[in-house]
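Which chain is which? They are A, B, C, D and E, in the order written, and residues in each are numbered from 1.
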Amino acid sequence: SSGNAPAEPNEPGGKEQPASTEPIKIGFFAPITSPAASADGLSAENSAKLAVKLINEAGGINGRKVELVSYDDGLDTTQAVSIAEKLTTKDGVVAVVSGSYSGPTRVAAPIIQNAGMVMVSAYAIHPDVVNAGDFIFSQSFPGKVQGRAGAEFAVKTLGAKRIAIIAVDLDFGTELGDSFKAHAEANGAEIVSYDKVAISDNEFTPIITKLKEKVKPDLIYTANYYAHAAEVVKQCRLQGLDVPILGTEGADSWQFLLTAGDHAEGVYITTNMNRDDKNETVQQYIKRYREEYNLEPDMVGASTFDAFQVLFEAIRRVGTDPVAMRDAIASMTDFYTVTGNLIRYTNRGEAVKPVQIQRVENGQFHYFGEITDLNIITPDE
Amino acid sequence: MGNYLITVAVNIAVFSLLALSLNIIIGYAGQSMMGHAAFFGIGAYTAAILTNKGVNFWLALLVALVISGTLGAIIGVISLRLRDDFLAITTIGINFVLVAMFQNMKLFGGSLGMAVKPLILFGKRATAIHFLIILLILILLVCMLIRKMNRSWFGLALASLRGDEGAAQSFGVNTSQYKILAFIIGTSIAGLTGGIYAHRMTFIFSSSFAFVVSISILSMVVVGGVGTIRGPLVGAILLGAAPELLRFADDYRMILYGGVIVLMMRFQPQGLLGENSFVMNKIEKYIIPLLKRKGGESNA
Amino acid sequence: MREIVRIEGLKMYFGGLKAIDNLDMSIYEHETLGIIGPNGAGKTTLFNVICGVYKPTDGKIILNGQEVQGSPPYEMARKGIARTFQISKPLYDLTILDNVVAASGIHEYTGIRSFFKKSHTKEVLEKVHDILELVGLSEIEHKKAREVSLGYLRRLEIARALATEPQLLMLDEPCAGLSNFAINEITELVLKLKEQGKTIVLIEHNLPITMKVCDRIIVLNYGQKIAEGTPEKVQNDKKVIEAYLGEEDED
Amino acid sequence: MLLQQILNGIMIGSVYALTAMGATLIYGILRILDIANAGAYVAGAYFGWYIYLKTENLVLAFVLSMIITGLIGVLIHRFIYAPILSKPRILPIVPLVASVGLFTLTGDLARLIAGPGTKAYNVDFGVDVINIGKLTIVPAWILIIVLTALLFTVLWLVLNKTKLGLAWRATAEDADIAKAVGINTNSAMALSYILGYGFAAAAGIMVGILYNSITPALGEVPSYKMLSIIVLGGLGSPVGTVIAGLFIGLVETMLSAYNLTFIPKDSVAFVALILVLLIKPSGLISKTNKI
Amino acid sequence: MLKVVDLEVAYGQMEVLKKVNLEVKKGELVSVIGPNGAGKTTLIKTIMGLKDAKAGQVLIDGKDVLGMPAWKRAEMGVGYVPEGRRVFGNLTVEENLMVGCYSLKDPKRIQQNIKRVYELFPRLEERKKQLARTMSGGEQQMLAIGRALVMEPRLLLIDEVSMGLMPIMVNLCFKVIKELNDQGITVMVIEQNANKALKISHRGYVLETGNIILEGTVDSLRNNDVVKKAYLGG
């Protein structure tokens, strides 16, 4: 049901015009002008455009073209609220993709839910996003799952016993770090230190000196975005701390490789995209993204692209009626996208999909392994 | 009015209150307050924590007002010891430290932010329009308050203190007392606004109260016109709506925003509607005589 | 004659500098006391200490039998001591009128309560207009203090001091920067106030004026009293001539 | 470990001092809290990166970028700050708001022109690290120390051994009278901006090399952190800035080294600032009126 | 040396100087007197280049200097003692004097000139390390005069010499000005103490509400009834 949304005359998609040839509008927002994170915003926006372009090249959905209604949220929750209102009441979109971080996504979700419209969040990690209601889905697995998978890999595959965590002091680092810690400890490893670092900080030498000389871990887990992850890696190596380093999807970016340079060799990350996947969808996305933008695709872009795939698939199956779309997505199973096989959605709207382990070899991310154990990759329901 | 417009109006209304209240400290009392958003945040978190615990919304607002006002009083006391630019930076510092606390302490939801129990009014969940009404009433009240202040000895005390502390003391103004009072009034209104904002957003993050927000509030006051009532209102309307108004500029949005502020300061540092500004001079020259001729009387 | 202010063993040191050094003196009701002395003798500092701007290094200031040294300036003002500043301190952004109205509110600045009391009432304006008339500022009362020439700012100082209705009026070089004509006006004014029974302390380098209006003169040098007495007596004091007056001019 | 941590602290502190040096100069002279100086830092880092990309010559990158950024500073002063400051009795927050506008503008210009993604200097120093006993030193650190010392010396000489220092202070206090005693206030101020913005550019390049990464957001942290360092060090005194920078660097390091993260490292500078100001309202270095 | 032709100056809409004509010949000492608000300070500021004129000319050494920045005029040898002291309060006494020497190159001469000022006003030497803003009113006035003297001006503009000075010092200052003038420095002085000013001057002008209403030799002015009544204290 659509909650108690105010009755608006032009309630989107409410009355489906039969066999319309009008383009299908899909709303989208990402942080573009915000200085803080605009590289991710650009990846997301590029991929959104690419997704629309590719579907239109293929003739649209059921004969109807797709049109993107895209906004810049400036990484500002206040603006996100306005955008959500505009998308739901003025723009005539049938569904929304969030290509933004947790803050804007989190405040937009209840508004979109109340308007009875579907939103798929591409990569926001905040656990509360999907709690806004049954119309809100997360394209990727939640942070808890990724942290758990990381711990599983670190302890079981790499045999780590004494692990140091360095996590960014945001929802991203907290979600991943805490769940990693819990699962690693449950599996008998010891978390020998847990340092939170501010997003504004990029100097970790003091922490790393401490790790090297006092804590002496046998693995470092870094739950950071690419810039910080690169710094952790670089500074560890420069200080001569040569233990394995496990990163997260936050490091899944060409920018990580660029900044860390040679020091990145051998670093593992958990992420949702497998660049070595032979699957055609994956390779086509990578190829077309490079062609269109002359940039390397990353996890943020791939996740955004896939959020659109989920919507496209739903529309293809049931048309643009929001309730039907919601039900179609909720019941989707084994839907293969750039970020792997979407096994199913939980009742809270979180995706169940394998967690990829990638490793840096010769300056590129490559397939190293995959966590598919359903006990680990299924989010709490 | 569509929901979208109401939402934008709510944002503007929130900023109007913040700008009006900051103007009491900066424009009337002449104190360099650069961390106004921190008090906005204190109010927001206080009210949110309380209503989440089941306290009545209005009571929570009152407590938010009192707590932020109390903290404002502390800043006021600190301000007595510091010169102008030191005070500016100290308040920036307080903004950072408080945001760091919001970000780190479990009490404030830590880095995950804090969900706020939606406001129920008359048995129904409050929507944007309800908040707009509450905010508009408050704006009206605050404007009346400031107007009253300007005509009272209180206003004259602030003007004296702003003009020359030595002189003010020489005719009996306890400048310390009035500085502190100005801080209390300004910050408690900010706190009250924060409490409303939190319930409007139903979710608050530390970043909504960061230094950049203080700077945008400050910009509104200065762009509109310091030391007037109309100034902060117009500043809040223009800059508050700017993110939406400038959507046409797309990628150049922030550049336009920054550029407009720079140009404003360069050519109209007294603000758009400040005393002696281009617009006000034109109004005085053309519009006021017109009104006088037509209306017969006009208030000075 | 009643003693309004008594100063005992007053010292005001700035680091090693003794701006006032062990000064004893009194100010009596209804008198006009002149304070003169070389530049840097400590006259303005004495005013500042009496008015509470500086806390004295040592010594007592007794106002109407009460020790008041160290009280803040606003309290001293409320206790009835008004002063003008040697270097004018107008409220530049306010009009001349508002400057004086502000000063006339001396007993209204009661904190939050002052919020609820209107400032520009009829009575206040009447009173202020009288004062402006008295010091010759009526014509420019609506000008901002910033737009007014120095001479008028000096008069504004006096107007503000008068607006506080003090029992003791302390004028720091009221005639400096004034034209001859204006000086005469101010002299008249001081004489008039004197007639009304006001107690006045006057610092003034314009000797003819000082001699004309003062009943008694104290001469300071290096923070110490070097002479005291009637104008005639002081004028002929050797030390005063040497340090301050110089050899008599031709006229 | 302690020795290494002290070394780390000194390094971090030097970066802070270096970053704040340009703004210190401008603050010391004009009493403008010039947040736009952090914009110069970003611009300088990008200019330097581009020049280095094209020429592979690091010295050239530093020098050219400093000159270009410095000249931009002159224009900004000439067309924005100078007219603002020449207006009578302007509120002190007006230049500050203008500088915030400028900073917003530069950050987003950098994004539009260079793109939001990371750029890397990839400077090759020949060696990765230098080990002396148990101490590990990264070559970029040596460069930082040298650069900080160099800029500090230049600044100190200009302020103490030339008439310029005095002219600056006089102009800041009363520009009209300064003109009347024969100071060409325009060129004196222009020089202060060349130095202030040039220094910021050098700092931007240096930090870009150290972290091998520049983004449009590079100036965010310096934009406020430098303010606290300037004030902590007293009113725009270069000595004070260096001491305050080192102090903050060391405190931050020790806090992370010994797990004393009860306050976020980020706000250490401000907590220190507030504490110091409460105890000593004139800042760490209290010869406040001298630059 | 200095010639002001049909000078008009206004603050916004308000005309303050209306077609003022005035001349100070080389080697002359000229005083300008007038009531408060007459526009004396405005006149001197315009000559110095600190206030823009609306119309007219200011000629220094025959050259129209309107539009020329103040520092160039200072370099031409114009010294200025501003009204109300305006010393650099956050600089020490000595630094104030050093700033005064800004246009001089030779360090020896700078030392010499500063020394001369110290001899003139020993109080300044006593307090050379004191911040100017903590000096007493009269001390600041001495400093302002000293600051103009150290630069070896050829033309000296003084806005109110005697303000705040003790009688001994007033006499001294007038004596010094006279001496400087005797040494060949051209001086224009604005002064409220018309008696003293006219005594040392060659010629004088009376400025009232923006108009020169009288001019002439000192003797002619001193015997003028208007002047006698309004400025010489009757």
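Criterion: contacts are C-beta pairs under 8 Å (C-beta built on N, C-alpha and C of every residue); 3 or more make two chains touch, one makes a residue touch a chain.
Computed from a predicted structure; not experimentally measured.
S.K.: Going by the stated contact rule, which chains contact chain A and chain D alike?
M.R.: Common contact partners of chain A and chain D, which must touch each of the two, are B.
S.K.: From the C-alpha centres, identify the chain that is farthest from chain D.
M.R.: C
S.K.: In whole angstrom, what separates the CA-based centres of chain B and chain C?
M.R.: 41
S.K.: Find the geometric centre of each of chain D and chain E from their Cα atoms only, then give the gap between the two centres in Å, rounded to an integer.
M.R.: Their C-alpha centroids are separated by 42 Å.
S.K.: Hey, how far is the Cα centre of chain A from the one of chain C, in Å?
M.R.: Measuring from centre to centre gives 74 Å for this pair.
S.K.: For chain C, what residues touch not just one other chain but two or more?
M.R.: Residues 92-93.
S.K.: Going by the contact rule already set, what residues in chain E reach two or more other chains?
M.R.: Residues of chain E touching two or more partner chains: there are none.
S.K.: When you check chain B against every other chain, which residues touch at least two of them?
M.R.: 100, 103-104, 251, 254
S.K.: Applying the document's contact rule, which stretches of chain C touch chain B when the two form their complex?
M.R.: Residues in contact with chain B: 51-53, 72-74, 77-78, 82-83, 85, 89-94, 98, 101-112, 114-120, 160-161, 163-164.
S.K.: With touch defined as at the start, can you tell me which chain D residues reach chain B in the complex?
M.R.: Where chain D meets chain B, its residues are 27, 31, 33, 79-80, 83-84, 87, 90-98, 100-105, 107-109, 112, 224, 227-228, 230-231, 235, 263-264, 266-267, 269-271, 273-274, 277-278, 281, 283.
S.K.: Provide the residue numbers of chain C that touch chain E in the complex, in ascending order.
M.R.: It comes out as residues 14, 36-41, 43-45, 86-88, 147-152, 173, 176-184, 205, 207, 243-246, 249, 251.
S.K.: Which bits of chain E are touching chain D when the two form their complex?
M.R.: 48-50, 69-71, 74-75, 80, 82, 86, 88-91, 95, 98-100, 102-103, 131, 147, 151
S.K.: Show me the residue ranges of chain A that touch chain B in the complex, using the header's touch definition.
M.R.: Touching chain B from chain A are residues 4, 6, 8, 32-33, 71-72, 74-79, 81-82, 85-86, 88-90, 102-103, 106-107, 110, 126-128, 169-171, 173-175, 196, 198.
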